Amino acid sequence: MRNWALVLFQRDLQLSVRIGGSALVGVLFFLAVVTVIPFGIGPDLNLLSRIGPGLLWIGALLATLLGLDRLFQADRDDGTLDLILMAGRPLEVVVLIKCLAHWVGTGLPLVVAAPFLGILLNLDPVATAAVTATLFAGTPALTLIGAIGASLTVTLRRGGLLLAILVIPLAVPTLIFGVSATDAAVRDPVPFMTPFLILCALSLIAAVVGPIASAAALRFASD
Amino acid sequence: MFQDLTFSVESGTALVVTGANGIGKSSLLRTLAGLVALTSGTIRLDGADEDKPPHEFAHYFGHQDAVKPALSVLENLGFWQSFAAPAEAESYLAQTMTPIGALDLLGIGHTAHLPTAYLSAGQKRRLSLARLLVTARPIWLMDEPTSALDKASEQQLLDLMDRHLAGGGLIVTATHTKLALARTQALHLEAQPVAASIAEDD
Amino acid sequence: MDLGPHASFILASYGLCVLTVLVLFAWVFLDKAAQDKALSELAAQGVKRAQPKKERS
Amino acid sequence: MAFWDYANPTRFLRLVQVVLPWLAGLCVGLFAVGLYMSFFVAPEDYQQGDTVRIMYIHVPAAWLCMMCYSVMTISSLGTLVWKHPLADVSAKAAAPIGAAFTFMALVTGSLWGKPMWGTYWEWDARLTSVLVLFIMYLGLMTLWRTMDDPIKAGKAAAVLTLVGALNLPIIKFSVDWWNTLHQPASVFRFDGPTIHPDILWPLLVMAFAFTTLFFVLHLMAMRNEVLRRRVRSLRLRAASAAQPGPAAAAQPAE
C-alpha cells in the first residue's frame, strides 16, 4: 500500500516507456522536424542560426502536442478513467501527476535533445544554453495547457487534431516568451531574465489552471 | 431516462436489476457510480461518512476490464490496491486480501508476473474482479458479472458475492441470468409508454 | 606519435566510437542475461517447451 | 548462402555458439592491424595533416550504415517473400546496430568537419543523407516497439524497410541536388584526393574490421531475439496453462 500519487506517477511513466508507449516518439518527431526544415529553407548556416531558437521551440510545441491526445484517451478506452473518477482521489491532483509523468516521458527528452539539435542549426553555445533553459522552463506549460485540450477531446474518436487546434492559441504566450528570452540572451537590449521569469510565471499559472480545467472537463466527459 | 424511480437496499442484500436490453440497467449502475450526473433526486447512503459522495463507497465492475496490457498482472492489481481509496461503513465488516491472495483465489495466481496482454478474456475478467477484493468498499455495482465466465468460475463468483453480503456489504447488479444469491431484492425496469411520459412532462 | 594541432578532434571521434561500440556490447550482454534469467524462471515454474518432435525437424 | 539453411532457431543458436568465438577473434585481430596501420603506416594529408586519420573510422562507419540497411532489406525480403522464420529476427536485431553505426558516422563526420569548416555541422550532401538514414533507423526501431506480437511487427517493419530501401537512392540524389543547388561543391572530398595504396590499405582493413564487428553484434543480437521470442511463447503457454501444481482448483483453459 504505497502512496497513491507515487503509484500513479510510476504507472504512467512505465506505460509510456514500455511496448506501445509514446515516450521517445516525441524526441524522434523533434529530430525529424528540425532535420527537415533546412531542406525547405536551404542550408544557409547564418539564416539557420538566426531562426534556430524559433525552430526548436515550434518543434518542441508540436512534439508535445503529438503525445498528448493519448494522455486521457488511453485510460478512457479501457475503462480506467471511470474508475479513476470513482477512486475518491482529488481529480485535480491526479491530472497534475499525469501531466508530470507525461512531461518526464516526453517533455524532458526534448530538453535533453535540444542542445544536439542546436548543433544542426549552427547555434552558438550561448543561444543553445538559452534555448535549453527556456525549453526546460516552458515545456511544462505546454504539457499542462495541452492537458486541457486532451481532457476536452477525450470523448472524440480522433481528438488529436482538434487538440492541436484548441491548444496552439493557448500556447502562444509560452512560445513568444520562450523565443524572446533566447533572443534576449543573444542580443543585448533586453536582459535574459525578464522574459525568462515571465515564462516561468506562465508555467506556474498553467500548473494551476491546467489541472482545474482538465478535471472539470473530465467530470463532464464521463456521462 | 428514469421517471420517479425510488428504491432502497438493506445492507447484506443484493438488488438484482432486470429488464429488457437497452432499458437503462447499465445507465442506472453508472448513475449510482457517479459517472452519470443526476438531473433530479438524490442518492443517499445511511450509516456512512456524510461529506464523502456515495460513489466513493462503491466498486464498479463494468464491461470494460480496466487492465493495462503492457503492465504485469500484479502491477495492475497493485496499482488499484494503492490508488483506490478504501471506505468504511457502519454495519460493513471490511475484509481485504493481498493481491497474491486474491489472484490465487480466482485461479490466476500463476500469471502474477506475466504481462496482462498474455491473458485470455476470462482471465482478464477475473483480474478485474480481483480489484474488488483488494480494496474494502461496502457497495459493489456489477454490470453483467457472469458474462465471459464458465460454470466453475460463475459459482466461484457467486460465493464471493455471498461472502460480501455476509460481511454486511451491498450489491446492485444488472443481469439477465438468474443469480442464486443468499438475500436478493428484485427491481424490474419497464419501458413506460411514450405517450404517458410526454403527458407528464407538459 | 604526434597527432598535430587537431589531436583533440581525432581522439574525440575515436573515443566516441569506442564508447558507442561499448554501449552496443553492453546492450547485447545485458539483454542476453535478462532473457536467460527469464528462461530459467520459466523452467523453474515447470513450463515445458514445445514437444520434442518439433525440435528434431 | 549456407547461412540461410539454419532456419530452425535451435540449430541457429548452435551455429552462433560455434561461429561467434572465431568471428570475435578475427574482429579483434583486424581492428588491431587496422588501427596500427591507420595511425602509423598511413601518411598525413598534405592539407588536413593528421585529422585525416578520422577518415579511417568515418568512412567504414558510413559504409556499414549502408551495408546494415542492405542486410535489413534482404531480411525484409526474407520475411515477406521467402517467409524465412529467422528473417524478421535478423531485421529486428540489425536495426539498433545500424542506428549505432550511423550515429558513429555522424559524430566522426561532424568532428572531422570542425577543423575544416569551422562549424560542427555543415549541411554537406553525404552527411545529410546519413542523418536522414539515421532517422529512418530510429523510425524502424520505434515501429518494432509499437506492437507486442513479433510476427505482426515483423511484417510491418519489413514493408517499411523495403519502402525505405527504394527511397534511399532517391533521397541520396535529391540531397545532392539540394546541396549543390545552394552551395558550391565542398572543396574537401571525404575520400581524399587520390587513393594512394598507403591510404587504401588501412581503409580496407578497417572496413573489413567494421564488417566483422557488425556480424559479431548481429549474431549476438539475433540470438537474444530468438531467446526473447522463446520467453514470450513460454509465457503465453504459462498464462493459458492450467495452474501447475494443486495450488487452486484447476481452471480449464479459457
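The letters A, B, C and D name the chains in turn, as written, and every chain counts its residues from 1.
Keep in mind that, in the parts below, contacts are C-beta pairs under 8 Å (C-beta built on N, C-alpha and C of every residue); 3 or more make two chains touch, one makes a residue touch a chain.
Because the structure is predicted, anything quoted here is derived from the model rather than measured.
Asker: Closest chain to the overall C-alpha centroid, by per-chain C-alpha centroid: which is it?
Answerer: A
Asker: Centre to centre, by mean C-alpha position, how many angstrom separate subunit A and subunit B?
Answerer: 37
Asker: Roughly how far is subunit C from subunit D, centre to centre by C-alpha average, rounded to an integer in Å?
Answerer: 14
Asker: Taking the mean of the CA coordinates per chain, how far is subunit B from subunit C in Å?
Answerer: Here the centre of subunit C sits 48 Å away from the centre of subunit B.
Asker: Between subunit A and subunit D, what distance separates the C-alpha centroids? Give it in angstrom.
Answerer: Their C-alpha centroids are separated by 32 Å.
Asker: Specify, in ascending order, the residues of subunit D that touch 2 or more different other chains.
Answerer: Residues 148, 235, 238, 241, 244 of subunit D touch two or more partner chains.
Asker: Two-or-more-chain contact residues of subunit B, please, as numbers and ranges.
Answerer: 69-70, 110
Asker: For subunit C, jot down the residues that touch at least 2 other chains.
Answerer: Residues 45 of subunit C touch two or more partner chains.
Asker: Pairwise, which chains touch?
Answerer: A-B, A-D, B-D, C-D
Asker: In the complex of these two chains, what residues of subunit D are touching subunit A?
Answerer: 110, 119-123, 128, 131-132, 135, 138-139, 142, 145-148, 175, 178-179, 182-183
Asker: Taking the complex as given, what residues does subunit B use to touch subunit D?
Answerer: That would be residues 69-70, 104-105, 107-111, 114-115, 117-123, 150, 152-153, 156 of subunit B.
Asker: Which residues of subunit D touch subunit C once you look at their complex with the stated criterion?
Answerer: Per the touch definition, subunit D meets subunit C at residues 8, 10, 39-40, 44, 49-51, 53-54, 57-58, 61, 96-97, 100, 103-104, 107-108, 111-112, 114-115, 213, 217, 220-221, 223-224, 227-228, 230-231, 234-235, 237-238, 241, 244-245.
Asker: Inside the complex, what are the residues of subunit A that reach subunit B?
Answerer: Residues in contact with subunit B: 1-4, 7-8, 11, 14-15, 18-21, 78-80, 82-89, 222-223.
Asker: Sort out for me which residues of subunit D touch subunit B in the complex.
Answerer: 148, 235-236, 238-241, 243-244, 247-249, 251-254
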